[in-house]
């Protein structure tokens, strides 16, 4: 219940944003792992009717950033995306894709996440990595 | 006139896609350089009201892909995004951002583009690179 | 025995090259996974006596390229490194580091490898990704 | 004279390191731009007698790190390579390659450098980017 409620909180927080606009929905959010799905439809495709690679990258940065925000005390620090990269290794033309961000390095100043995006048949769509910087808020 | 009409064609082609959904508008498209703008608004921001880094990456892949499509004979070949990366170096909270894709390598099999995204005051928002693969269509 | 002999073949092939110069030694090479070690010493350190990040990247490209070469018919095709990236997440000052390349995408035209470099205590030193292109030899 | 003496200092500092081992020589080092050359020979090639991509990445990280070290007060802070990436866009089989690191973002906490590596005929060999983190020394 803890887990689904954390995902629910993220979904509520992300109304009226790119995340909402792309139809992204958080499915699970625990320490060090965040999972979300995104529809392959008019909101996320490119002109040739398949998933736009840019939507995959936006999804990747979304799950990694949410994961980092969960690991810090947001009253004292903030997280900012520093570097994002990804290889597009498959295409999707309908249904949903599912992204899983898994932390690979949790330092004091930076977090590094691996992100894997699969389609509903578990075929790989994108493999990427997101570096997040943790910044102390100035007082 | 040639130039603006090429951008107009791209804008027409991109209706009903992610590109349209993010409010991206092509401003100029010539051989080896494509320029487009994107609004910083409810369609592209993250929950803390600034431009979502993922929107920048989607914009970057959009301008590079459009640029590559212009360089090939689309009846014989297709282009697919292979690898995309970017550093977020500034934040934007209103107005527009402008992306310029400039080709740095035009090979037979791959194109590599540098993409720079600036805000309206010409401050750097993102610096990235997109690798596009050119694939011969099977007959 | 098969496994060690493949690694031995790679070590023999790499005499008189960067790989030899950095003291890289292949430990294991099977389909889809290649493991090699590299010393942290005067050949690979930076001026402040810790492993130079560039040595890690060279090691990463080495294991991925060897892995790709094993997957193709070298009489018909060749492999070339296309894009390489990595996050340095730890430092090493003595002994050896061990790199493992694991294939995440084996396409007809490209291979994508995840590479993880650990120190002898299994602490993470680098996390990276290598994209290799497979090119048909012209006849 | 200032400029050449800065490069000379870097060359002296880098004795007995990977940088020396690869035959890298700094040619020029001014604020925001560092240039160095590297031989294409037995120290830097792969088994098929062309420049090993990993040598290019090592060279890229070398020029960017040197550039960042020049921008900070080394008694108070240190620089560490965070993320490095590059596209190999040409091959070199003899002579030298020349790398130029140009700063694209100089923040308080991070520096981002574009690095371009050319051969002696000014053909592009690699295009990359290096993110350096600036860390305050603990007292």
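Residue numbering begins at 1 within each chain, and the chains themselves are lettered A, B, C and D in the order written.
Everything that follows uses one rule, which is that a residue touches a chain if its C-beta (ideal position, glycine included) is under 8 Å from a C-beta of that chain, and two chains touch if they have at least 3 such contacts.
Every value quoted in this text rests on a predicted model; they were computed, and no experiment measured them.
Averaging C-alpha coordinates per chain and comparing to subunit C, the farthest chain turns out to be B. Should one ask which of B-D and C-D has more C-beta pairs in contact, the pair is C-D. To fit its Cα atoms onto subunit D, subunit A must turn through 180 degrees, a value rounded to the nearest 5. Look at where the CA atoms of subunit A average out and do the same for subunit D: the two points lie 33 Å apart.
Centroid to centroid, with C-alpha atoms defining each point, subunit B and subunit D lie 29 Å apart. Centre to centre, using the average C-alpha position, subunit C and subunit D are separated by 21 Å. The residues of subunit D that reach two or more other chains are 82-83, 85, 87, 131, listed in rising order. Note for the complex: subunit A touches subunit D at residues 82-83, 85, 109-110, 131, 133, 135. Residues 13-14, 16-19, 21-22, 42-47, 52-55, 57-62, 65, 80-88, 91 of subunit D touch subunit C in their complex. The residues of subunit A lying in touch with subunit C in their complex are 85, 87, 89-90, 104-105, 107, 112, 114, 124, 127, 129, 131.
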